[in-house]
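Look for chain A in each of the two complexes below; its partner is chain B in the first and chain C in the second.
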Partner chain A sequence: MKARISQSILVLKNLTAFLPLMLLSIFLVSCQANVSGVLGSHSSDQNSNNGDNGDNNSGGDTQDPNEANAGLIGPGAKDYRGLEATLTAVTGIPRTKYSAIKDYIDQNESSLPMSKYLSALSSTQILATFNLATKYCEFIVDRSDERERFFKGSSFENLPPPNQSLSNDTQKLKLIDFYLGQFWGPGVLATQKQQAETDMMALLNQTLEGQDLNSSNTTKTVLYAACSGILGSGGTALD
Partner chain B sequence: MVGLRSMSRIIVSSLLALFCLSLSVFAISHDEAMDLANHLYQRLTGIPPSQVILDQMTNDIMAGHVDKAALVAIDSSDLGFYKNTLVGMFTPLSNEDHDPQRPLSDFTATVVGLIINNKPFNQALYANVIYTPTDDLQTYFFKDPNNNNQITSIHYNGNPLTRISNTTGFLDEFGNRLDVPKVRAVLRTNGLSGDRRYEDNITYLDLQNNVPDWPREMVARSQTEVFSQLRSGRQVQAEDVAGLITSREMANANFSAGTNRVTIKNIASDFFCKDLTQLQDATAADDFVRRDVDRSPNGDSRVYQNTCRSCHAGMDGLANAFSYFDFQTNHFAYDPHALDATITDRDLQGVNGPRKIFRAFDNYPAGYRPVDNTWSNRWTTGPNASLGWRTPPSGQSVNHGKGAAQLGEVLAYTKAFSDCMATRVFKRTCLRDPTPNEATQLISIARQFEQGFSAYASYDASGKYNMRALFAQVAPMCFGGEN
Partner chain C sequence: MIIKKKLTERDKLEYLTHGGRTKLNRRDFLTRSTAAAVGYVMAPSIFSLIAKRAYGEDLNCPNQGGGNANNNMMAHLEYAAGGGFPLCREFVCVGPSRENGDFLKSYEKYAIPDDQGPTKNGFDPNSTIAGLDFHNGSQLMKAFDLHINPGVKEHMATMAIAVQCSSDTTQNQLSITHSFAQLGLTGSVVPLIGNSTLNPGGGRHALARGTQDPSIKSTLVKDPDTARSIGGYNQALVDRLGTPDRAQAVLEAMKNLSVDKINTLKNKFTVDDQAKVLAKCGYMNAKELPFRYKPDELYNAADPDLVAAFGDDVGAVHACIAELVANRYAGVGVIAENFYDTHDGTALTSNDQGLFLGKKLAQIVNYFDSKNQPLHLNCTTDGTMGVLFKDGVIQVEDVGDGVLRAKHPGDNSLCAILTLVYDPNRSASDFLVKQNQAQVGYFDENGVVLDSSIAANNPSNAALASLYNYLALNNMTDKMSTLQGMNGKNPFERKEEDYLIFKPKA
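The block that comes next holds the complex of A and B.
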């Protein structure tokens, strides 16, 4: 399995200039989407749509600055417990099932988010979150039993080569939407989904460029890249 | 006539205002409600919702019932509220370093046990309770008195097991091999020489790692029962048991080294949301301040009067409740006779053991010498009367008592405890500090928390001090809508 992953990583290395920016973009976009109804972004309209503090904030100009945040949701990140629970729930892989995952968590526990406050989320923790997600993706994509379980009912269960499964935008969207549905859950707004689809489509196209479209290994590489991009994003890591 | 017209206009205006108000309350689109439901679910459970749950919560929110949507999330079958949110919220309170990454312990397991079973949560400070794995997970050992007290048989689910070896596992009565970690987890609850809870945390580590629905696989036991298994000569008396305060995990924070005064600091911080500095009172009587406190640091008695006394006067009087406890090298110790005997040189040298209470005993010989676990509350008058002391239903005096249980009960019925829990729930749910108006609203909710929220009877959450109901009441404060 390690050899296969190494192959995938080699392909991904060709995208070194592109992928990190893409992933960061997805993280930030989903982050922005996640906090769209929360503290900070409501400052311009907080007088109009906060039902539980209307009495205090009515009158616009006379609003008490101490009450500026009244009724608003503080933006949150999942702490490592929520993160592990989410990754387990959405992938179906318990953290203790495979030593590679358990060892990564044990060895990097201090790098994973400890606080639920988004303001406390560091770049190290974002990176550790992404890396942990990729561990789960390795098993989903590379282990045949896990892949068959996870992709059951989709067209990717048996790793059809890209010329059969990823040859047009409809097929690519099918993969992206499958991941979004599995990883971000049913509560994703259409606008958030569209943005993620656009970003992921670019990632898929870039990943496929110059690759052997008749090879299942290429499909595997795409599955891994897309999995990492979505599972390691703010849609999973924020609440 | 004019009066009638004027009255009509007022009525019509009022009705219009009410209509507009109701529109504003319920004017939330399906997408907005779904987005709120998604955030609320993940905030309360740590994981994404299923489609069924999301739909149910969305409908509740669109109907203006954010509180009920919160209860749907709390009661979801994934148990995320208990396993992720509650454990994450209370773990930092369980240890001296406020480390959020400590594993499940008897402290956090008992928090979860009390809340999932709808027990009044203020019992956390005084009840003779500890949550451990259920009887279904229990394994019983029997010593053979005819064979040098060796372990000869092991029962699992009431049936004898065959031991394969010390380390490789067990066979059940049908010859099926049992999962070793699962067996190991339960052995620790009622282990080789009785309970091993006070030697390590293995029971809870294994419970968390090997029993996915562990919040539902626990049962309440009395701490005295579990304690007494370990040291028959030093059985913990019921009067010295105080819920989480005497859990093994918090005992590590409270009773390691020192003079056990830190217990009061930890209680104030964890359950009153107050630093000790906020509770300073230089006017409190200092007759319980012990002999180890220098009354004239560096030769200046004003330092004691103006600084030391303001904390020690209240703290020392209360800390006497914990005089019999100690925690050394992973080992929870209790000795109800610790203060009985004549003080020896060994005691005065500050060696380990409950007699650490006599540490630096010569600093001020006229100071207080603890003789038992009697405590005295110097905070009921003066500035700390604002903590809201109230006589518990048992009639226990708020001014003095004997042992940790009585003290815990007095602390549990303060307004400060309920106010602190409401604020903690707000911060966990909304992830920010409350505004001044919200803080006032939280105090009102805290008073209702004490009496119970009758509206949640159908959710089995209407009892006094019900934490599920408290989360439900607080959620609408930042997730929008009105109850």
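The block that comes next holds the complex of A and C.
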């Protein structure tokens, strides 16, 4: 009996000795899983099986020179599968839902990016990406059911005319930030967001110039232009 | 707390070769396995990287979508049949001397009954193009002669490469379309166009061994609409915003936002500064490209030169592709015909295809003539058509005007690359090294003699031999060994006399 008790004490002592190590292991495993699951600047990666670039927005990841040199030029763009998955994720419109989108992809598959190498990204591929984004924007803006779903909770759900919804910088920023939040997600860097706001403000002003500010159609045009500019940009197409 | 995921060697390899780890479905896996089997990897070629680095270094951002349209080089087109068009029934295949007149004992395996073959009857010297002789009754040549403009043939020559092919079109490595961008023939808008997406080369055939450059993408052109849109002009965007200026402003915003993103790019592998510069150039060009080349400029079916050359075929795919290449918007073009396979057991269908091809070729050359542009055009097919014999007797049909041709029951492996060249600044006799010789490798009465050249039993080498002749025409044979896939060697150099049919311009 005595021997049995001392054996149990020994086991407990060993367990106690290994406990911190076990806890540390569990913690590290959970962190590792968390890192693998972190999304980039938008939620596409989980849909595109493309989650390797999940720590894009960590803002401070240090580079191991050996890893950096593993590829002559690292990936930085999305291939067409990643791109489609991203557009679907951020707009909520599956590629197969509307024939105009599906047809565009089918007909322009050879023009969309095939590799993830930034250096292999050509201007024709960029244009094909941009033009695909405009297709998604058409449905977000034109179809009332998609518009209501997408803009739910914003002031643009019911297409108020510009003199009510886009008459000052605060209102315009609301639209820009709404799009940035939807398309680029919360991980966008503050400096990048600020620059994007400036660029988009210029676009909104130019699009509104000379237009009927009492017309909802003008709002539609602005929504479409802003959507195309942001959704078609590198914020969506690059990792 | 920042936790850095340690990458395994496999991760690194995956990034290096495929740009990231992705789950593969069966089709992807098969595609990649096939790709690996033919000897290319998905990483950008060193050549293309060097070329693009040079673009980045001068920071002028030349048109990355196309680049510098090298107007000094001949344009290149590939007319690729999707099945077994009997090319070898049209021109006179010759024997070991490779000289015209070295007729085979019989052309029955080539679908021509001995009574009508050249051995007994010769051929009409007027119905030919410098280089190759064509059979009496060749429908291809008949149609070509009917449609070619007067005087154009005087600036043309032909050659052929004997090659045994598989009857599986997509596996035959007969395409060389990716090599031209490396030589500077990139087009001002896109480097490569084609009406088929079956292969990365833009057509139905696979690319010659090792020549695939992943940075070259074929842009689909299948009709006037797609021809007009290769510059990326988005008519819907312009219509919705009211003016091109506003559409341009959207693209400007898109570019600015992208450049901001590039400046902050960070991922597991450092994206080097050159890549960032190149991507910025890509976005800058993307902003300008659609407005630099508007649809009407790229393809206008009412253009008098187009109408004159193509007539009712002005909207056909060969017209669209020829127009974009002749005007240097695209570097190289591939016309893939889907219906050459004439498995109906007749001679007539193949005959009609010969008429069809002859007419299209003449239209294309006429258009290049109207633009004063030199042209190098390869006709390829995946084997010709078998011939029907009964009890050893060839089974023929009258295809018109008393011309007899064999019935074709199905594919065979007798094949050739038939090349036509046109240069308004050269006369027919200026093209050929030897006036009486226009054939690489040779034939006998049973088909291609497999040891007659390194191309005879190797479609990839046949395509490269054609490329070598293209380089000769352009005074650039020294570039052969530098091209991707050549590993610093020119396999034809040691026996130039066997492989060089065309010669440089004096």
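Note that in this section the second predicted complex is superposed on the first by the 165 of 239 C-alpha atoms of A that agree within 3 Å, B and C clash if a C-alpha of one lies under 4 Å from a C-alpha of the other, contacts with A are read in each partner's own complex, and residues count from 1 in each chain.
The rule is simple: a residue touches a chain if its C-beta (ideal position, glycine included) is under 8 Å from a C-beta of that chain, and two chains touch if they have at least 3 such contacts.
Bear in mind the structure is a predicted one, so any value in this text is a computation, not a measurement.
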- Item | Touching partner for A:S233 - first (chain B), second (chain C), both, neither | second
- Message: With both complexes overlaid on chain A, does A:Q107 touch chain B (first), chain C (second), both or neither?
- Response: second
- Message: Going by the contact rule stated at the top, is it chain B or chain C that touches a larger number of residues on chain A?
- Response: C
- Message: Once chain A of both complexes is superposed, is A:F130 in touch with chain B (first), chain C (second), both, or neither?
- Response: second
- Item | Partner chain in contact with A:A190 - chain B first, chain C second, else both or neither | first
- Task: Give one of first, second, both or neither to describe whether A:N217 is in contact with chain B, with chain C, with both, or with none.
- Result: neither
- Touching A:T86 in the superposition: chain B (first), chain C (second), both, neither? first
- Check whether A:T207 is in contact with chain B, with chain C, with both or with neither, and answer first, second, both or neither. second
- Is A:D199 in contact with chain B, with chain C, with both, or with neither (first, second, both, neither)? second
- Would you check which partner chain A:S115 touches, where first means chain B only, second means chain C only, and both and neither mean what they say? both
- Message: Identify the residues of chain A that lie in both the chain B contact region and the chain C contact region.
- Response: 34, 36, 50, 52-53, 56, 64, 67-68, 70-76, 79, 81, 109-110, 114-118, 189, 239
- Query: Touching chain A in the complex: which residues of chain C?
  - Reply: 1-5, 7, 11-12, 15-16, 19-23, 42-44, 48-49, 52, 63-65, 189-190, 197, 214-215, 217-220, 226, 230-232, 234, 236-237, 240-242, 246, 249-262, 264-272, 274-276, 278-279, 281-286, 289-290
- Can you check the complex and tell me which residues of chain A touch chain C? 28, 31-32, 34-36, 48-50, 52-53, 55-56, 58, 60-64, 67-68, 70-77, 79, 81, 107-111, 114-128, 130-131, 134, 138, 189, 191-192, 195-196, 199-200, 202-203, 206-207, 221, 224-225, 228-230, 232-235, 237-239
- Message: For the complex, give me every residue of chain B touching chain A.
- Response: 24-25, 31-32, 34-39, 41-43, 46-51, 54, 78, 80, 83-85, 87-88, 100-101, 209, 212, 428, 430-432, 435-438, 476-482
- Query: For chain A, which residues are in contact with chain B within the complex?
  - Reply: 34, 36-39, 50-54, 56, 64, 66-76, 78-83, 85-86, 89-90, 94, 96, 109-110, 114-118, 184-190, 239
